[in-house]
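Questions regarding the structure given below will be posed in turn.
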Amino acid sequence: MGMEFLIANILVLILTVVASLVAVLLRDLLAAAVAMAAMSLLLSLEFFILQAPDVAIAEAGVGACLSTAIVIIAIKGTKRTEDE
Amino acid sequence: MFSLESGSGFWNPILWIFIFFIAFLLFYGIRGFGKSAYKKDTDQTKAFLSGNEESSAEEMHVKASNLYWGFTTSMKTVYTELRKMHTGNASDYVLWFVIILAFLFLIIGVM
Amino acid sequence: MEKRTIVAVLVFAIVAVFFFFSIFLIHPFGKPGQVNMDDHIIANTQNETGTNNGVTSVVFDYRGFDTLGEATILFSAVAGVLMIFRRVKQ
Amino acid sequence: MIEYIPFIAVVTMIFIGLYAVLFRRNLIKIVIGISIIESGVNLFLITLGYREGGVAPIFTSLPPGTTYPAGMVLPVPQALTLTSIVIGVAVLALMLSLVMHIYRKYGTLDVRKIRRLKE
Amino acid sequence: MSGMSKIVKTSVNILFPLTMIFGLYVIAHGHLTPGGGFQGGAIVASGCAMIVVAYGSKWVFKQIKEKRLSSFESIGGVGFITVALLGLVFSSVFFGNFLAGSNLLFGTTPATGSTGADFNTGGVLPLMNFAVGVKVIAGLFVIVLVMAYASSVKEWDT
Amino acid sequence: MNIIDVLIEQSPALIIAIPLLGAFLMPLVSRINSTVRNIFGLLVLCLTGFFVGILASDVLANGPRLYIFGAKDLAVPMVRILFEVDSMSIFMALITMVLAFITLIYSWSFMKDHDGLDKYYTLVLLLITSTLGMELTGDIFNFFVFLEISCIASCALIAFWISEGEALEAAFKYIVVSAIGALFVLFAIGLLYAQYNALNIATLANVLKYTFLDKIILVLLLVVLGMKAGLVPMHMWLPDSYGRAPPSVTLIIMGATLASFYGVLRVIFTLYGNVLSTTMRFSIPLNVLVGWILITLAIISIIVGVAMALVQSDFMRLIGFSAVAEVGYMFLAIGAGIAALGTPYATTALQGGILHLLNDALDIGLLFLVAGAVYYITKKRSLDDISGLARNMKYTTVFFVIGLLAVVGMPPLNGFASKFLIYESVYQLNPILSIVAILCSILMLAVFVKVFYAVFMGPELPAFKNVTEAPRSMLLAMGVVAALMIFIGLFPNLVIDALVKPAADALLNHAQYIGTVVGGV
């Protein structure tokens, strides 16, 4: 396995995990939705690195775009902050 | 012919109905020996509540939730635990799932 | 801490330990052990399905029935969403 | 250890999502948690299908010098992941529309307060 | 959502046809290049979601009824299952790829190994890609549209 | 070639394709009018039922049948999806079809005044399709896909009464629980694929070695499917959703639940069939371990289900809790069958469990239909608000009494036949289990006597002076179920010989299931 591949792979994976952690921990739901979009985008990049272009396109279209749109619509229909 | 074998016993509905019918006839016959002085709608059929007036049927009706009051009160400790278990919280439902998952991991996974 | 939190953390940890332990028993990343099914597909996709894209041949031909199920899932989700946002006359 | 890093990322993502479901109180956070679990499982399937130095299983203008089948990644997990992604968005849409409706009825998104059905 | 500023609307007007063309390209070339019915459908549906964001869901809702979209989705699904059933009729097995190798429509078999892009290959797969594409476009768009409409009206009569 | 042979050969695919096509067409058809829609639904179900019938007659006579999607013959690695239909699958499919017919007939009257019915019938057909698919499939990923369809369709149907907040709440809880469960199933499938590079159940069962990963997979599949079947303490979604779904669809949601139970059977007996009796860990055979785990959970299910049912005041929620207890009886029987694998009474226990599956579907189904009729007439859920309905709803009362007697296991109704087999065989494993089961049965009688007293006996409330009998199609549906129950009660041996024994043998004979695929290369 090439060194560049390894570094890119690990970097993207760490960023994905960090993005998902941010999406879970943020109080502001809109920011969490954006973090989720970032996670999906990084995930689709990871799929591309792992030679799965089909899945990468699907994840970019469905996960990063439509899912985020749906979540933001739902946040707009309810309320924005997480109250404890 | 129509019987169901379980290895140690058998169950035959047709035979059971036949025996039940005979038992019913016997019971009916024995019932005939009872008092024939019973008359409907006389004082002898009225309930005697220490001389108090009998309430109407609506007032006497016990609501369904109070029906087994004695049982539930005597089993109070069990029922408080059971009610505490059914919190109705969606996260708790998932938590129970994870608990069973952990238990079975410990039992099956370690063995 | 509440009792629920303690229990939750405990079982969470147990399940996590088992999961983390189990993934080290899978083949190392990039070196799949048995590959006969996938090799068969890669070798035969051009002859059997006439398709250059191996993934599409799996999605629509070798495992086309799953794709029908997938389309059905989307269909039932749409039916569900439309049903939930229907107007109720009262 | 370094060979297992993608798998570790997968399990970490699954448990981050599970954490959201178990410990977060907001319904939309729970939904986001389920979505993260789903992403983790998708990544798991793709990771299983990767073959060292392989290219995508597409024959149109293949890079020269590719040997196949040994030089291609496995196609079946990719197909499974496609199915799983569509399932994910379907479940997400249904859950969020339920959440929107629940908010209109209950006036809150706190999971501890949405429990008229108990005992 | 009553619609956004003029700049947004204009840029969406330019971007939307491009997204549409790209999505349809992905659907049509699903059997040759990465992509297919789902991926292309998702891309087109995101373009439509862009329209919903820019123009407001009420305006879009006036233009196109959700019943019509749901019928389109049904038609896509029926088309998919019909292709599968045609396999049952012509090659006597459900999901049979009866066009592959028949030299009819999409029936050419490509040479093995690295080949150029020959559009006329794939058997029934391009047909299924189209059916699924129609279905996914309509399905995802109707989900976004209905949810956006429901979140934009204050009280819906339930 | 005979036309019937061709139809039989194609029937596994058509059983799925026809209701699916019907579901896709339903939004278009229901634009015409409601009568056409009802007739269309019935037609679709009749066609499906016909194919299930001919497939059943063939499978019961000639053994398991394969159907490969997309090709005539198997390639050596099982690359394609295939359906493998044996007697157990077809038994489940027959139950599903019966429940589907009853649901459809009942819905005609029950759902008449609602709107959104095109979506309702679409989802009903989708749920039936997914249940049939789960039961017939021989591919584990395909099983997951159908499981997911059944989750989504059930969730949407549970939320059908959207103007009640509780229905939405129940649906949300259901979808959270089942989405997470399904994702864990997908993880388990990934682990299976990683080890053996196959997705076919028979192929996997042939090469399974019971490594540590296989233990993880077993636990994941067992727990998720157990949760979907309603095992305590993962049952809490079940009374919520059964209690709040329209009673007409509770039947087929119950069909999906039973399909999950079938999944448990398939995982234990077929997927782990080879290793089940040959693996010993710390001098305990695997089958004893798994069997006693199931028995423990089953006993807890029975006790908790009955105890909670006793204090409920909502009619349908009460039946939901007693459904949990009935699921416990089924798990008790198969747990005993697994723990004692190889002995003659294990087979009896298994037969009892499988017969109880049929009886549970009919008994609890009839009670839900009666509850639905009461709700339809009075529009009230709480038992405290209803009283004295027996005066005006004579037929419904009779059906309720039949359901009551059957569900508590009174002779000579069908519930007794299966519970008799369960008690007798479990007694030989451990007498205490049997005693607990019988005691809980008696408590169940108390539960339903309370319902009978509250709903049908008692003084006539002024609000219900002028109530009438339930509409005719609802009575017809209830009558059909009651007739089936009396028939099974009177002639249990006919059903056992014709359907239950082949099903139990098919489960125990995993070598045949595997050999049909692997040997047929």
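Annotations
Here the chain labels run A, B, C, D, E and F in written order, and each chain numbers its own residues starting at 1.
One rule holds for everything that comes next: a contact is a pair of C-beta atoms (placed from the backbone, for glycine too) under 8 Å apart; a residue touches a chain by one contact, two chains touch by 3 or more.
The structure displayed is predicted, hence computed values, not measured ones.
Between chain B and chain E, the least number of touch steps comes to 2. Every chain gets a centre from its CA atoms, and the centre nearest the mean of all protein CA atoms is that of F.
Looking at B-D and A-E, the interface holding more C-beta pairs in contact is that of A-E.
In this assembly, the C-alpha centroid of chain B lies 46 Å from the C-alpha centroid of chain C. Averaging C-alpha coordinates per chain places the centre of chain C 8 Å away from that of chain D. Chain A and chain B have CA centres that are 55 Å apart. The distance from the centre of chain C to the centre of chain E, with each centre set as the mean of the Cα atoms, comes to 22 Å.
Counting partners per residue, chain F has 20, 24, 27, 69-70, 141, 145, 148, 152, 155-156, 159, 162-163, 168, 172-173, 176, 180, 194, 212, 216, 240, 308, 311 as the residues that reach two or more other chains.
Counting only residues that touch two or more partner chains, chain B has 86, 88, 90, 92, 94-95, 98-99, 101, 105, 109. Under the contact definition stated at the top, the residues of chain C that touch 2 or more other chains are 8, 12, 18-19, 26, 30, 32, 35, 37-38, 41, 46, 52-53, 55-57, 59, 61-70, 72-77, 80-82, 84-85, 87-88. Residues of chain D that touch chain A in their complex: 2, 5-6, 9, 12-13, 16-17, 19-20, 24-26, 28-29, 31-33, 35-36, 39-40, 42-43, 46-47, 49-50, 52-56, 58, 73, 78, 81-82, 85-86, 88-89, 92-93, 96-97, 99-100, 103, 108-110. The part of chain E that touches chain D in the complex is made up of residues 32-34, 38, 110, 113-117, 136, 140, 143, 147, 150-151, 158. Touching chain B in their complex are the following residues of chain D: 18, 21-25, 30, 111-112, 114-119. Residues 5, 8, 12, 16, 19-20, 23-24, 26, 28-32, 35, 37-39, 41-43, 45-46, 52-55, 57-59, 62-63, 66-67, 69-70, 73-74, 76-77, 80-81, 84-85 of chain C touch chain D in their complex. Chain C makes touch with chain B in their complex at residues 4, 7-8, 10-12, 14-15, 18.
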